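Naming follows writing order (A, B, C, D, E and F), and every chain is counted from residue 1.
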Amino acid sequence: MQVKLIIAAIKPFKLEEVREALTGIGVRGMMVTEIKGFGSQSGHTEIYRGAEYAVNFVPKVKLEIVVAGSMADEVVRTIAATAKTDKIGDGKIFVLDVESAMRVRTGETDADAL
Amino acid sequence: MKLNKYLLVAAAASAVLVPSLGLAQDEAAPGFDEIGPYIMTTLLFLVGGFLVMWMAAGFAMLEAGLVRSKNVTMQLTKNVGLFSFAAIMYWLVGFNLMYPGDGWIIAGWVGPFFSITSLEPVGLGAADAALDYASVGSDFFFQLMFVAATASIVSGVLAERIKLWPFLIFVVVLTGILYPISGSWQWGGGWLSEAGFSDFAGSTIVHSVGGWAALAGAIILGPRIGKYRDGQVHPMPGSNLALATLGTFILWLGWFGFNGGSQLAAGTVGDITDVSRIFANTNMAAACGAVAALILTQVVYGKVDLTMVLNGALAGLVSITAEPLAPTLFGALWIGAIGGVIVVFTVPMLDKLKIDDVVGAIPVHLFAGIWGTIAVVFYNSDASIVTQVTGIVAYGVFTFVASLVIWIILKGAMGLRVSEEAEVNGLDVAELGMEAYPDFTKG
Amino acid sequence: MKLNKYLLVAAAASAVLVPSLGLAQDEAAPGFDEIGPYIMTTLLFLVGGFLVMWMAAGFAMLEAGLVRSKNVTMQLTKNVGLFSFAAIMYWLVGFNLMYPGDGWIIAGWVGPFFSITSLEPVGLGAADAALDYASVGSDFFFQLMFVAATASIVSGVLAERIKLWPFLIFVVVLTGILYPISGSWQWGGGWLSEAGFSDFAGSTIVHSVGGWAALAGAIILGPRIGKYRDGQVHPMPGSNLALATLGTFILWLGWFGFNGGSQLAAGTVGDITDVSRIFANTNMAAACGAVAALILTQVVYGKVDLTMVLNGALAGLVSITAEPLAPTLFGALWIGAIGGVIVVFTVPMLDKLKIDDVVGAIPVHLFAGIWGTIAVVFYNSDASIVTQVTGIVAYGVFTFVASLVIWIILKGAMGLRVSEEAEVNGLDVAELGMEAYPDFTKG
Amino acid sequence: MKLNKYLLVAAAASAVLVPSLGLAQDEAAPGFDEIGPYIMTTLLFLVGGFLVMWMAAGFAMLEAGLVRSKNVTMQLTKNVGLFSFAAIMYWLVGFNLMYPGDGWIIAGWVGPFFSITSLEPVGLGAADAALDYASVGSDFFFQLMFVAATASIVSGVLAERIKLWPFLIFVVVLTGILYPISGSWQWGGGWLSEAGFSDFAGSTIVHSVGGWAALAGAIILGPRIGKYRDGQVHPMPGSNLALATLGTFILWLGWFGFNGGSQLAAGTVGDITDVSRIFANTNMAAACGAVAALILTQVVYGKVDLTMVLNGALAGLVSITAEPLAPTLFGALWIGAIGGVIVVFTVPMLDKLKIDDVVGAIPVHLFAGIWGTIAVVFYNSDASIVTQVTGIVAYGVFTFVASLVIWIILKGAMGLRVSEEAEVNGLDVAELGMEAYPDFTKG
Amino acid sequence: MQVKLIIAAIKPFKLEEVREALTGIGVRGMMVTEIKGFGSQSGHTEIYRGAEYAVNFVPKVKLEIVVAGSMADEVVRTIAATAKTDKIGDGKIFVLDVESAMRVRTGETDADAL
Amino acid sequence: MQVKLIIAAIKPFKLEEVREALTGIGVRGMMVTEIKGFGSQSGHTEIYRGAEYAVNFVPKVKLEIVVAGSMADEVVRTIAATAKTDKIGDGKIFVLDVESAMRVRTGETDADAL
């Protein structure tokens, strides 16, 4: 049975909200990484000691969530709905195929591992 | 040898039992009317001295906070190193070269080179003491700390790209030769003091000198890779503003010793009252330098810039250093405030000139130092603008040229800059193999 | 002007050669029996003053360590700013408003508003000095540092959400008007001192006042977003406990100047011995506040809480500040320990009331300050519980109400809080465009 | 009670109006010739004492900077805790146990156990004061800070693996019993001082003692997990070298109080001049310890090692502590430099012996302490190598054995080490549930 | 020839051990990232200044290892065996398909790139 | 239409250059993560307080870029060309298939989302 990896880049202050929403729909785990995001939002300028400079990277949070294929769409929709502020820089969601998954503690595989 | 409390108390007791003994001593030893001033002034130098010593920590924290995390270990190493070498050189050469007494080689211009500092014998008798001044030990201790401050200025400007050893060699020459020679012109009773130049605690003699030496280095060394790319300034934000702020507060505190101790006397009503006035003025100037930068960055850039505020406070301190006594508190207010203004406008100016001053030490110590030396004339009637400018120019020309020569020689002899890869990867890993914050992932 | 060593030594020499000269002076100038106390007390103010000034760095580090990393630059900016504005306001208005001498507008209640501080002339003669006290300059310098402490308390409580400028405007009013007026009631010789209120170094006059002003602000401002969600407290751990601990040690050190200097005299055996007693008691109270919090958090929560231990030490210090002289070391022990206990129990209490005090300054400075003011009666027979409570209430009502009004005005006029997004993203980036730790990825 | 300025000025005025009053006082009170020395020495203890107190912050920062980020909160907690417990124990038992006067239980060997410290009454009269010494309060305050330094040494060596409470219990015994007993042998006027042992400020009495106690603990406790794996040393780099450097500068500063205050007198020309000499020598030794380590690490390892340079400066300080007065500046130079050399060679040596000293405190305080105690003989003619060695051995045997016993008892009674998982995950989360740097992702 | 990406979330203190085990079976490279993990282990409570709060994220280390398909199973087994403590929170291992791999220095591709 | 995820591990000091090069060829976004890299470059020794030890991990930067399949090769080539220093440790580039992509702000999917 099929398993998917969902990668999402969102605004840091949305993390808690998204996590709660996802737990709500039964997601039981994820990996969260601090990243520097580059995209259309980037490029605003800052002043430091009188010198203007372009900020190319904005802080984002990356979520990596592995779920049963059947849940993938709902997860994507939930993230999209919760992370949305309608302002530029809300982020992206990508879905990839996962060949196999395993829980280290028990050795369970695929959907049981999640 | 440390007497132990027990014996002392015994002694005290006996003294009580045999008052005659006490009296005997009183007859022998001179009373406080004679020795009091000596004791108080010596104490002033000791307390002032440890406060100025503390400034070494201030410079270290300020600079460690304003460099990028990949260069922090190196910056710390330079600061500990420069203070230590300065301490040795000032003993070996500097102190007597700066205060030649009547040992001038060229009268009023150059003192003796091979005259190592020696202190009074242990348990000095009142008869052998300079009762109108203070102990040589305390004087040496106090003066020594000033030269260290000069060297610290250089380390900040040249941070993030200069090699450790050439830098330390320059420090050796600066603290052993350059600073003491030029210092002797004024504080050693040389030609500038004869000419009536006035620089109470060293806006020029200490701070500008450090600034000139650093400026020469910055020109020879060139800016950090990528600082001025395709006609633009690319800021390289300091890695730890909490440290930078701590460093500034440390310097602020130490400055009370720096200026207050420079009264060089504390044993009379007049002197201790003057020291009080100096403390109050020094604090006022620092506060106003900070406020000026705070308001100005808000107005000019639309945002308060903490690093400018910190520089502003320091510029206020440097500005009042040439004359912390004569001005009223209101005088300290505007003199210090102008110091803060100078910083806000000259920091970007240096960038336009592609002179890469990592911590803003040239605006703070050189430009504000010049301003402070000029400002002396407003409250000190003995000072004339002509002699003040003479002094400023004399110190500038001598220090800048001499430093330039030394930097060029060092560059030729061993090279000043780390390799491009070392600079990009950071001096900590490349040169020292030791990160300052190894546990934290860098963003 | 700074005399140079060379000339001084010459002078010394001549003095030796012509002792008569020396004698002549001795006849002219008063001896140490007259000027000694003045010099020693002035020195006490200078040393005490720079120690209390150092507390500004302590507050800055403590608060920078207890806020989240995204608000550190702002917290540092506020602390440097408040200290600087306080220094100016206290000169412009505060000092003479607090110590009206005979310049009261409303006798015992309100001093003169437009009386700028001016110091003694340079080189004051012994005849013109208040030989029974100390130099005005040292007194001003010392008193000035106290008001800065009051303002620092406010910045900690309101951290992570208040805008820079409204905060600084409040500081201007607090340090220029509120604190000096209420201060004059006691230390200015006003109605409370007449009434026999006793607050040696300012548990109430300095610390509670800061606490009341902060409490009013916290109520108007409201808690940080997310601190009290769905009926639960959501802690927002401080970003750098090493800084917080450093800040606490700095405050601990500075407190020796705070309490010791408040003896206001050091020129007699009795006074200097009292200062010693104050130092010993102050240290004991701090240690016991820390130990009490250490043991109590272990017992109550099953884990020692460092932030509580730090608050405990400070609460111990605040507790002994109203009477650091009279108690025995054992008295300092239990008075300080109770301060620590107060912290452990009132910090969560404030959370229950949804009053968001970021650094625990209200328990430390207000609650422990009240306790310390009451505790005076246990060792100081001159103090009565009634007058102590009168003083506590008087300072509380005046400061709280006045602050409340000012906060409300500021809120209406310019708004106190940053936008929700700014608060969530952090004030450093949103308000100042400058991160405190830009190189480190935040977890 | 704090007099208010208004009343004081009034008093001053009256004094001026009624000079007779002034005279009256002069007749009554003893003049400065009698009380001056008492006041100055008391001041020396107060200033020296707060400088040494500041060293507690230095140890805390040094150690917090040299442990890994996962153990910083615990290290800070231990340092605040040990200082606080030391303050209480030294009052409860230590001070009088160390300075028994004539209250010895075993003459010259063991003082009284149940003699709590009490200070002079408030407002001591000159007649009742030990005019040849200083106030008990200042003496107690000063001596107290020394014992805290001893305990700080232990916390550094045993960092990152020892549980909080067993450590604190050991501190209680060390500061209340062990240190005071052995201290009484010399500074209390016990058998070693009779024998002519010489240890001016405590290279052995304070620093070696801390080192011995720590060494015993390190042996019983064992190294950190993974430090010595498969016959190799696996370094665990300190998490914050900026803090470590700050800590070193703090200690350097505090040391002026540590050594200078140990002159135990400042009221004569001879004494204050000696204190000056001590300041100058202390600074020279520190500088040379740093330079020696700087050069040596460059030569031996091909790279300068900042942590060694910091240790080197401290080793220089420890080396001069046994005799900071007698040596010339040149003497301080080489004595301090050898201290730095000792560090560079003994740090790896300890690793070979699989003794895990997290911060290098054993080389710095124990080895350099022994060296400094021996070095006394080179400049102090009263000292003999035999008695110096006797003292070193006596302190070593007593402290090491007694500590060993206590560590073993504590191990049996409650266990010394945290669980393996707690150690791997870090004591902060595992033991205290509180990270020092929660916002920063660890690399 | 086929290449796989193995993603594993493990307990930080197991990193060194796992790295050694993997080198042992011939893995020659990996990418290691500090992450915050959310899963069944999460949710224990901490006390800060007297207030209890739930810790939703626990520190984990994420390994990303690209290996020849033939090695994938062995790598998974090795990680599982070494990272296992039988306590909750041991982590997960996911395997994904990699379309192509390249070594920047040499331009070698796929299996040769690893 | 097809979307690819390109994962690259490069030397940190090359980040800016690579970013500029990629913007040059029309890449409009990416995710950047600080990682510790293990590979052939690893294993040089350092000295700390007199003790030699092997440095197993070297700091690297990981780029994750999602692009239309048509662009993938060019992106890989651009990264390879720019990140190359011919010294060991230049890094690796991996390409994976992406099933779907979405822009949170607009809900656009796949190529439009990038």
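The criterion applied here is as follows: a residue touches a chain if its C-beta (ideal position, glycine included) is under 8 Å from a C-beta of that chain, and two chains touch if they have at least 3 such contacts.
Keep in mind that what you see is a predicted model, and the values were worked out from it rather than measured.
Chemist: What chains, if any, are shared contacts of subunit B and subunit C?
Modeler: A, D
Chemist: Looking only at C-beta pairs in contact, point me to the busier pair out of D-F and B-F.
Modeler: D-F
Chemist: For C-E, which listed pair, D-E, B-F or D-F, repeats its interface with over half of the contact pairs the same?
Modeler: D-F
Chemist: CA centre of subunit A versus CA centre of subunit E: separation in Å?
Modeler: Distance between chain centres, rounded to whole Å: 18 Å.
Chemist: Between subunit A and subunit C, what distance separates the C-alpha centroids? Give it in angstrom.
Modeler: Comparing mean C-alpha positions, subunit C is 47 Å from subunit A.
Chemist: I'd like the Å distance between the centres of subunit A and subunit B, where a centre is the mean of that chain's Cα atoms.
Modeler: Subunit A and subunit B have C-alpha centres separated by 52 Å.
Chemist: Could you check subunit E for residues that touch two or more other chains and list them?
Modeler: Subunit E, residues with two or more chain partners: 33-34, 36, 47-48, 96-97.
Chemist: In subunit B, which residues are in touch with two or more of the other chains?
Modeler: Residue numbers touching two or more other chains: 31-33, 36, 43, 47, 131, 237, 240, 246, 303, 305, 307, 433-434, 437, 440-443.
Chemist: Provide the full list of chain pairs in touch.
Modeler: Between chains, contact exists in these pairs: A-B, A-C, A-E, A-F, B-C, B-D, B-F, C-D, C-E, D-E, D-F, E-F.
Chemist: With touch defined as at the start, can you tell me which subunit A residues reach subunit C in the complex?
Modeler: Listed in rising order, the residues are 12-13, 16, 34, 46-48, 59.
Chemist: In the complex of these two chains, what residues of subunit B are touching subunit C?
Modeler: Residues of subunit B touching subunit C: 31-34, 36, 40, 43, 47, 51, 68-70, 99-101, 130-133, 139, 186-189, 193, 198-201, 237-242, 245-246, 248-250, 252-253, 256, 260, 262-270, 272-277, 279-280, 283-284, 286-288, 290-291, 294, 303-307, 309-310, 313, 325-326, 328-330, 333, 380, 382, 437, 440-443.
Chemist: Would you mind writing out the residues of subunit A in touch with subunit F in their complex?
Modeler: That would be residues 4, 7-10, 33-40, 56-57, 60, 62, 76, 79-80, 83-97 of subunit A.
Chemist: Which subunit F residues qualify as touching subunit D in the complex?
Modeler: So the residues of subunit F in touch with subunit D come to 34, 36, 47-53, 59.
Chemist: Which stretch or stretches of subunit D touch subunit E in the complex?
Modeler: Checking each residue of subunit D against subunit E gives 226, 421, 424-425, 433-434, 441-443.
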